[in-house]
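In order of appearance the chains are A, B, C and D, and numbering begins at 1 in each one.
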Amino acid sequence: MNTFGEKFRLTTYGESHGPAVGGIIDGCPAGIAVDLDAIRRDLARRRNGAPRQEEDDIQFLSGLRDGITLGTPIAFEIPNRDAHPDDYANLEHLFRPGHADFTYFKKYGLREYRGSGRASARETVVRVVAGSLAKQLLNGIAISTSVHVDPAAEQSGDTYGGTVQCTVTGLPIGLGEPIFGKLNAHLAFAMLSIPSAIGFEMGSGFSTAQMTGSEYIDRWNPDGSTRTNHCGGVQGGISNGMPVEFRVAFHPVVSLPHPVECLHEDGSLHTLTIGGRHDLCQVYRAAVVVEAMTALTLANYLL
Amino acid sequence: MNTFGEKFRLTTYGESHGPAVGGIIDGCPAGIAVDLDAIRRDLARRRNGAPRQEEDDIQFLSGLRDGITLGTPIAFEIPNRDAHPDDYANLEHLFRPGHADFTYFKKYGLREYRGSGRASARETVVRVVAGSLAKQLLNGIAISTSVHVDPAAEQSGDTYGGTVQCTVTGLPIGLGEPIFGKLNAHLAFAMLSIPSAIGFEMGSGFSTAQMTGSEYIDRWNPDGSTRTNHCGGVQGGISNGMPVEFRVAFHPVVSLPHPVECLHEDGSLHTLTIGGRHDLCQVYRAAVVVEAMTALTLANYLL
Amino acid sequence: MNTFGEKFRLTTYGESHGPAVGGIIDGCPAGIAVDLDAIRRDLARRRNGAPRQEEDDIQFLSGLRDGITLGTPIAFEIPNRDAHPDDYANLEHLFRPGHADFTYFKKYGLREYRGSGRASARETVVRVVAGSLAKQLLNGIAISTSVHVDPAAEQSGDTYGGTVQCTVTGLPIGLGEPIFGKLNAHLAFAMLSIPSAIGFEMGSGFSTAQMTGSEYIDRWNPDGSTRTNHCGGVQGGISNGMPVEFRVAFHPVVSLPHPVECLHEDGSLHTLTIGGRHDLCQVYRAAVVVEAMTALTLANYLL
Amino acid sequence: MNTFGEKFRLTTYGESHGPAVGGIIDGCPAGIAVDLDAIRRDLARRRNGAPRQEEDDIQFLSGLRDGITLGTPIAFEIPNRDAHPDDYANLEHLFRPGHADFTYFKKYGLREYRGSGRASARETVVRVVAGSLAKQLLNGIAISTSVHVDPAAEQSGDTYGGTVQCTVTGLPIGLGEPIFGKLNAHLAFAMLSIPSAIGFEMGSGFSTAQMTGSEYIDRWNPDGSTRTNHCGGVQGGISNGMPVEFRVAFHPVVSLPHPVECLHEDGSLHTLTIGGRHDLCQVYRAAVVVEAMTALTLANYLL
């Protein structure tokens, strides 16, 4: 439920306005020199442009000695220094539209209404730490992302979403397992687990549903590479040596900068402006989370 | 690897041209009267229009007595009666384009070249049996699909793909778990595990990446339902009581009805017409597999 | 529930008086030449002296071609040819003492009363097949067992139990994981999962609870071996290069050769002689199951 | 590896002489009022008589608000305040007899030599916290232990071990799963995962290997209880309503109070007195760990 992966396994915790968020990484090999600066750089990329401007002070509690992994679980935590839970006092009995307030309340019978609690995108800071560490295990493999937003939505003054294109180069042939261990299926799972993700496609994705087979099929080069990469670098669930390419769609930020109609627990509707600090667009920040989840997924296959 | 699910767990086996395909379902409650005719109807829907016209004779080896589940593992098998492995004799050292021949060979160092072996869509017959049984556990929940193909591709004489739209009604509120147990993420995993699936989106999916937040956000009705369903019935990974709606893209069939260039193990390219019996479009058949994987996913949350 | 292991994973099925028992092995590497005769020899050892004298005809349905593993799931089945379910007709509403009839009925609300159904030791035939195959992966590792029974009990005409001593030589140093992945803990789990197993101890086991530390401690030889092996070859959950030694206690067979008092579902007690074919002692047969479960446990660490 | 359980899942971390030990509990239901004093009492019982006399200050970082569980992961940590890593400086290249120094070094190629690192019994403090919380979920179920030591060993001035007898009352009938989900097998796994545990037996255990079937068999009372409980309350892996009874053997403490011969990495043997603070007997402290692991095991079946 709060654990991702089998061999390189991340377990996360933390409410957005509790004392800290953090996690435990289990399965990291011993003897790796961890580049803490690289982790801090990824954290800064995730924070970049975020209204909540605390620096993410990461503390490691186990699994490292003098910066070298011991092969034991790596526990880390990041305090929630800049939490303003009072911003949310007026939401105690209201369900915001587009948020998980309603589903959490119905599921658990109570909720951490301050800043979405566990459903906040604050939890992704933990994924970025673990993913950044996972990247350091992926020798010769490069994960890169680009962000695409709709200019019309961007200029609306409203919130907006976009897509993240991710490309992985340097992967060996043969990563992935048939049937229920497919690399593309595990990537889809990883991506849809990111807050606000609403779509996933490999290679040419949905557009291939309009192609003929002759248009779609990736033709061979004699060296086993292909002239096109419509399939996105995975055949039968297994990497084929071409770049692994996929795209993730993110819906617009659901915390709007103007009044919205909230549902009260008693069934009445209330129009109000919601406090807290929110982005107009989260996709630039999401890109580093896409990279992190990609790295975590690949580490599970490669270890 | 060949197991799907935790609580209602399907483990599958079988090469397309071996003696049988089959599986074991673990976790099915005791005392359920299994409707074998409903299973056979789903098998017929999957077979419908398929060039390989064997009837799927299913045999149950355990877990049932007089058609009632015992709570023990349900093993079943379907013989491969209509297998023509000789159709594939000329492919022993060739890799077809668009197929998993190359990746399997590189991964395992050998391969079952006859009819794609384990990578064949033949394995989906096992998913349909298990999914059809899973549907029978989902009281009051309806899973329906519709198929959408591109008319231009359909009329090309070439192979083509399409999309399957799936709608689930009658789900309780609260299905799904936060973070790494999200209903949408598990559906994405289940769908991308289907052969030829290349994209997945919840609700309005990729199109929401061009919306503003005000366009995207699903507004409340006083009863907790929403006026639109752009999110596809899941908020924060948890079902919100609206229909769960998603779409799966399938790329065109990669076994083309005309000569294609294959790669020989020695690096030479050979143009030939590939034998075996293949559809021009697999999406109609894939729809019942989408339903099956949806039912298996939901059974794991509901049990 | 019916699956053992993570990397070399066995899933089993079958009621003792249904059509067959069998299983699926997932995770066996490709390219292994399987010695079917060795499997048959282990099956004969398990059958040896058993009242139910059918030969175990094993059929492989997938995962092998020409006796070589394909890396895909290996499904196998063994028909229950010699089943005499009518022997059990008078037990339909009775709970035998010492059997699982009562607990199964209370748990599931129904039961396969013929020959204990799933609780029968018949299921161990599946473990022996998988374990025998697992042994073939353990190059240079030898698993041997010896059986110890109490002469007084043996001469009583009544049923009796005994212990199985198991010794594993040739294991590399370093097998096992700290905390919850300990080799000794996984062996304990594997052994207590065998029908009639009631105790497990490593090395000198329970007797060490009466030792002083100076008596217990295994003193070093300069080469890293130890002069004694009270710990049973595992330190901190990890193999230390000495033989791994453990002992499993089996309680007496609970199907007595004379009348016993059974409990009726209505609360009345009925004295009767129970039919079916049963051993006076199962420990000789259990030894090969101990070996099989040991091999399965080790294969999960070694792969 | 460092995770115990499926539904009520504990993941632990921490080296004995690092900054902290701790864990994450995933799967605890929402709305439980946690009795922190009960947890502190169990921690005090574990500490009782221990040479390392720090109080265990437990801090909760998530999953609780005002002492009520939120249904989200519960993270907690306990600082290692009283760590004296310099006590171990002379052990940097030595392997103590009876310890895991050697196996950890051989497995990981490095080691945390200070106070055994991850292999230290210090990690059990985390189990006690989680187990104490698990107990609070087990309404109407009582777990009690008694300790048995050998008087001769106790008076020797040397270290010694002993056994812990554990009795669970109030369990419903039907807990446990057949084949590989047996309650007794999971208890065996849980117990053998405790540092220094070397044996496990249900009910009358090893002594039943000398009984006849007539002596062993537990005779019915009309209400479904039995007159004896040789089987220890579990039949076919499933609780039968009688008290669940088992015994765990602990070997003597391996840190002796007098000089011992250590193995140097260069193969030479060195006799020295080992520093650090150690018990002569750990079994009294182990009893609360036995209870904790029992509670964790049962919570996984009951949730």
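Going forward, contacts are C-beta pairs under 8 Å (C-beta built on N, C-alpha and C of every residue); 3 or more make two chains touch, one makes a residue touch a chain.
Because the structure is a prediction, the values reported are computed rather than measured.
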item	value
Pair joined by more contacting C-beta pairs (A-D or A-B)	A-B
Copies chain D and chain C - interface residue numbers shared by over half, same or different	same
Label of the chain whose CA centroid is most distant from the centroid of chain A	C
Chain B and chain D, separation of their C-alpha mean positions in angstrom	44
Separation of chain A from chain B, taking each centre as the mean of its C-alpha atoms, in whole Å	26
Separation of chain A from chain D, taking each centre as the mean of its C-alpha atoms, in whole Å	36
Two or more partner chains touched - positions in chain D	1-3, 12, 72, 107, 118, 178
Chain C-facing residues of chain B, complex	1-3, 9, 11-15, 18-24, 26-27, 30-31, 61-63, 65, 68, 70-75, 77, 107-112, 117-118
Residues of chain D touching chain C in the complex	1-4, 12, 95, 97-100, 102-104, 106-107, 118-119, 123, 148-150, 152-153, 156, 158-163, 173-174, 176-182, 184-193, 195, 198-206, 208-220, 222-224, 226, 230-232, 234-241, 249-256, 258, 260-263, 267-269
